[in-house]
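This structure is in structure tokens; I'll ask about it shortly.
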Amino acid sequence: MMKKALLIGFTVLFLGVFLVIPLGAVLAEAFRKGAGAYFAALQDREALSAIGLTLLCTAIAVPASVIFGVAAAWAVARFRFPGKSLLVTFIDLPFAVSPVVAGLVLVLLFGMQGALGPLMIKSGIRVVFAIPGIILATIFVSFPFVARELIPLMQEQGDEEEQAAMLLGASGWQIFWRVTVPKIRWGILYGVILCSARAMGEFGAVSVVSGHIRGKTNTVPLHVEILYNEYNFVAAFAVASLLVLVALGTLAAKSALEWKVRNEH
Amino acid sequence: MSIEVRNISKSFGSFRALDNVSLHVEQGELVSLLGPSGSGKTTLLRIIAGLETPDPSQASAVIFDGENLTTLSAKDRGVGFVFQHYALFRHMSVFENIAFGLRVRPKATRPSDDVIKAKVMELLRLIQLENLAERFPSQLSGGQRQRVALARALAIEPRILLLDEPFGALDAKVRQGLRRWLRRLHSEITVTTVLVTHDQDEALEVSDRIVVMNHGKIEQMGTPEEVFHKPANEFVMDFLGQVNLFHARVEGQSRKLMVRPFDLDIVTTKSSDSAVPAKITRINAAGSAVKVELTSEAGDAILVEIPHDKHRGLNLKVGDAVFVSPRESKVFFEDYAI
Amino acid sequence: MNLLTRRQALLSSAAGLLSACGGGSGTPSLRNVSYDPTREFYQEFNKAFLAKWGKPVEIEQSHGGSGKQARSVIDGLEADVVTLALAYDIDAIAKKGRLLPTNWQQRLPNNSCPYTSSIVMVVRQGNPKKIKDWDDLVKPGVQVITPNPKTSGGARWNYLAAWAYALKQSANDESKATDFIGALFRNVPVLDSGARGSTTSFVQRKLGDVLLCWENEAYLAKREFAAEALEIVIPSMSIKAEPPVAVVDVMVDSRGTRDIAQAYLEYLYSDPGQTLAAKHYFRPVKGQTSTLPEMQLATVQEVAGGWTAAQEKHFDDNGVFDRIYKPGSPAS
Amino acid sequence: MKRVGVLPGFGLTFGFTVLWLSALVLIPLSLLFFRAASLNLREFLDVVLDPRAVASYRVTLFCSLAAAIVNAIAGPIVAWTLIRVHFPGRKLLDAVVDLPFALPTAVSGIALTAVYAKNGILGSKLAAIGIPVAFTPLGIIVALTFIGLPFVVRTMQPAIEDLDPTVEEAASILGASKWQIFRRIIVPALLPSLLTGFALAFARALGEYGSVIFISGNMPLKTEVTALLIVTKLEQFDYAGATAIGAVQLAASFVLLFAINGLQWWSARRTEGTNA
């Protein structure tokens, strides 16, 4: 009992100091002028356009992360091969790369002074300072999440169930869909939640490649920055709190799903 | 279906798990691979199943009924395999676990749902778990999980059945019951079976033949009687039961002498030259025989097993000075039998 | 290639659908890439221009740090006109990006600056530290808030205003002026990366005693944070900040927007344009009289021999500003 | 390629992984080195060994490590509590853990600065007892702890969920003490994910920009982080200098991640070895 109280106390205190109070600061500012101002900020035309673009980026980045993550985790956790540590390190690299650098390399690649840029711009393809660049930047910063969630999980779980399935005559896809996916679904879900949160919240890299064109290439975080720089703190934090609500919403959805699955059993 | 393993070696890095092993298992036999951990028995089993690939060599082969399977995937070998920790599909019910091997068959050969259901129910009856079909593995006891794993392996009507330490994770009582059950089951369905174990009692009780392994090599193959009563060498003798070790001088030379406890006798008077004086330190009369622990003058600990009536006749007490003499002549001098 | 274009088109249209924003591909668009403090001004100016222009056109605004915006244009951000904080940034577009001729400043009146501004001081209610002029900023115990000149165009104007004053006080003795700048930055507790970040530090975080900022920003802050009752201090002299504008030739020619781009910039010099600039606390350059107080202003040309020289001498690596923060120097 | 493992799909998954990584990570990042190579060695060294650059490495490294250590200690406790201990509000706290990912880093920076500045709700109390947070290295550590926390908690949660409670029970029946259960059963099972979380939190902190610049004060030599130095170079149109520092930072992150991953494989192999 004592131990439980200690654990709860520590968790509440730590998360409180580092997460809950800053979150409170965001929400308090967002509602400083009342719910009317809050909802007005969300219905602004440019806010809506930023939300749309952010949803689009997320809708592309998350499936990319899932497909990559499952493939990478399968290769890394199920086989022994030389250079595995190196491969895992490369998967981690996008986390370590400064968002500023991540944006910069896209500019170095697709910018007008870049390696591929002049050619692509001549053929009418714009990557940086247009939506494809924003999507690429989002994918770059968010794609390792599912892989990173799954690799330790699949290593921990081992592959005896898969071996058993194989000995029972199951093909590779059958093993994957019927045995592995159910085993790792919570890992995938966690990965998806993290990946979508990160994809929606990415600021640094997207900021470099966006061009900040109002109503066109502004994502939600960039829109927040603009509002903040206009001293429109209420609107800035209102739009930012939207991202918090999305994060809370996905977690609620996850809990509901967990509950449902548990009750089915 | 018979199994033939020829000249198989397997290394993990610098560790040599199997060293040029050959083995033959007859149709319908139940063979145990017995050895301490690290002896290579599990590796051999996994190579037969196709879960490991042997070190490449021209001479090596795994042959089922004359068909060379060395390069065939585990998926297509038609082997039933039971893992030490069962490897049940944790998200599937008992029913679905057993049905899995049938459900994943290609459309052309997949039985209908009714046939699958009938087959699974039959297997559930065989493992006496008819009532638990809808349970999940986490809701079963260890022994129940073990039986589900076996039923799952049998569902695909395997050509051979491989069991990796099937009772290793269970407590002694359950293990006893399952052993006997496995023996009965095997006589009912007579599928060629290879079982890996490090428990000599288990091997002696269930096997038609025992393969004793050590350090990646086969030390001896034979019926339980053969390996127990005619051990090929010191390791086999030591591994298959308790052994007393004596240091004796024979013909002027120092020799090592190994005798099983029930091959020794206790006498109160020095009856022969080979009788050794010793003092009784402990008497345990519980069990099928009376176990008497003694200490020789040289300070060696000696264990002797005598029948209860003999014990009563001698009226032994702790602290008594007695003599221990070999009853049987099957002992080892270093590495040869006399 | 074809596939890619189509996909890109699909993506853009998907974004368009999701964002429910208008402006179909039929309407021509004009893109103005500008710096941070002009947001409010161009919002109003664009409306006025659209009314005058009469034909349907969509004006797209992009705001950000001046240097960053210039870099984006060099790297391919399609801008029909650039309206930035310093000539140096448009020079970079001309030299590094080759998107407009290097003599761009001669193409519009007043060195292509349709409005000017200067640097002033903002203090708290009642001016508790009695700050009147630049000398007060180097006193011990006074904390000065200014962004980092290496990352902020506005901060470079702040710096040069102080430099101009120091040169004048020391009768053009550069080593004394350097000492003065060093002493000033020793009083800077926090270097924000942008001008509006500094304002926030000063107003919201209550950091520092005096904020150096654009004149127009000072009036905006005073209005936005009315509750703070901020006061504006006009120093004895300051710098004439000249934010220039230019048409980006390569872009307008490829997009067919030269006419409207040219008209757009010329409208800045018109009476309505100048009135709007004055309304947003910029100093108009033609006809209109400013409501802002008279100030003694030096130009960059006078204090540093132009932007290229100023950048090289003061702000590039190992320039005067960097030397303030060398290890072992008093400010470090 | 020699590989060990009998399950199918190695070629497909390995090929796809390598292809995707190359297109998205390796080729773009190699451009960084390519561009930095436009400097000659002397110029390169001048840029990357400049005292201010070196000071920024020190600040970045120290604060990142401190934040990662805080997370590596607090993260497992938080993750364990959120999964194993049931109390009202648990779900809500669990949800809040994702916050640092969801909030744009700039918003996080602003919110943290507001809370930890001298006039902030926590900052005022801490400043009163002589611990100023915002605009000091401690402020950077706070921001980096905030940024890195979800990495540790979220990588550990599936592993904790997967940890079979019956194993712990079995161990306690076998007479193992709490400490033995912890050391012999829980630690080996959770160590890989803890190390992963630590590595990611650490690496992420090394490159963090948005949340740090608001709370750090950005004073050269004291609280200026390396990412800011890169931005500073870019503002001067100095791509070569920016990419040179970026390349150094990337190389350092890579070496650190590689070392930690290597350590993890090594420890995994060691535990495998003792089990066999």
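Every chain is named by a letter (A, B, C and D) in the order it is written, and numbering of its residues begins at 1.
To be clear about the criterion, a contact is a pair of C-beta atoms (placed from the backbone, for glycine too) under 8 Å apart; a residue touches a chain by one contact, two chains touch by 3 or more.
What you are looking at is a predicted structure, and each value in this text was computed from that prediction instead of being measured.
Undergrad: Among all other chains, pick the one whose mean CA position is farthest from the mean CA position of chain B.
TA: C
Undergrad: Could you work out how far the Cα centre of chain A sits from that of chain C, in whole Å?
TA: 34
Undergrad: What is the distance, in whole Å, between the centres of chain B and chain C, each centre taken as the mean of its C-alpha atoms?
TA: 85
Undergrad: Would you kindly tell me how far, in whole Å, the mean C-alpha position of chain D lies from that of chain B?
TA: Between these chains, centre-to-centre, one finds 49 Å.
Undergrad: Quick one: report the Å distance separating chain A from chain D, using the average Cα coordinate of each chain.
TA: Each chain's C-alpha centroid was found; their separation is 15 Å.
Undergrad: Could you say which residues in chain C touch two or more other chains, in rising order?
TA: Counting only residues that touch two or more other chains, chain C contributes 74, 96, 200.
Undergrad: Where in chain A do residues touch two or more of the other chains?
TA: Residues 163, 166, 171, 228.
Undergrad: Would you give the residues of chain B that are in contact with at least 2 other chains, written as numbers and ranges?
TA: 50-51, 73-75
Undergrad: By the touch definition up top, name every chain pair that qualifies.
TA: Going through each pair of chains, those in contact are A-B, A-C, A-D, B-D, C-D.
Undergrad: Touching chain C in the complex: which residues of chain A?
TA: Going by the criterion above, the answer is residues 45-46, 48-53, 55-56, 107, 110-114, 117, 121, 123-126, 128-132, 135, 211-216, 226, 228-231.
Undergrad: For chain A, which residues are in contact with chain D within the complex?
TA: 4, 7-8, 10-12, 14-15, 17-23, 25-26, 29, 68, 71-72, 74-76, 78-82, 84-101, 104-106, 108-109, 115, 139-140, 143, 148-149, 151-153, 155-157, 159, 162-163, 166, 171-172, 175-176, 186-187, 190, 193-194, 197-198, 200-204, 220-221, 224-225, 228, 236-237, 240, 243-244, 246-248, 250-252, 255
Undergrad: Could you pull out which chain D residues touch chain B in their complex?
TA: Per the touch definition, chain D meets chain B at residues 6, 8, 276.
Undergrad: Quick one: in the complex, what on chain C touches chain A?
TA: Touching chain A: residues 1, 4-5, 8, 11-12, 14-15, 17-21, 23, 31, 33, 36, 39-40, 60-64, 69, 72, 74-78, 96-97, 194, 196, 199-200, 220-221, 224-225 of chain C.
Undergrad: Taking the complex as given, what residues does chain A use to touch chain B?
TA: Per the touch definition, chain A meets chain B at residues 160-161, 163-171, 174, 178-179, 182-183, 265.
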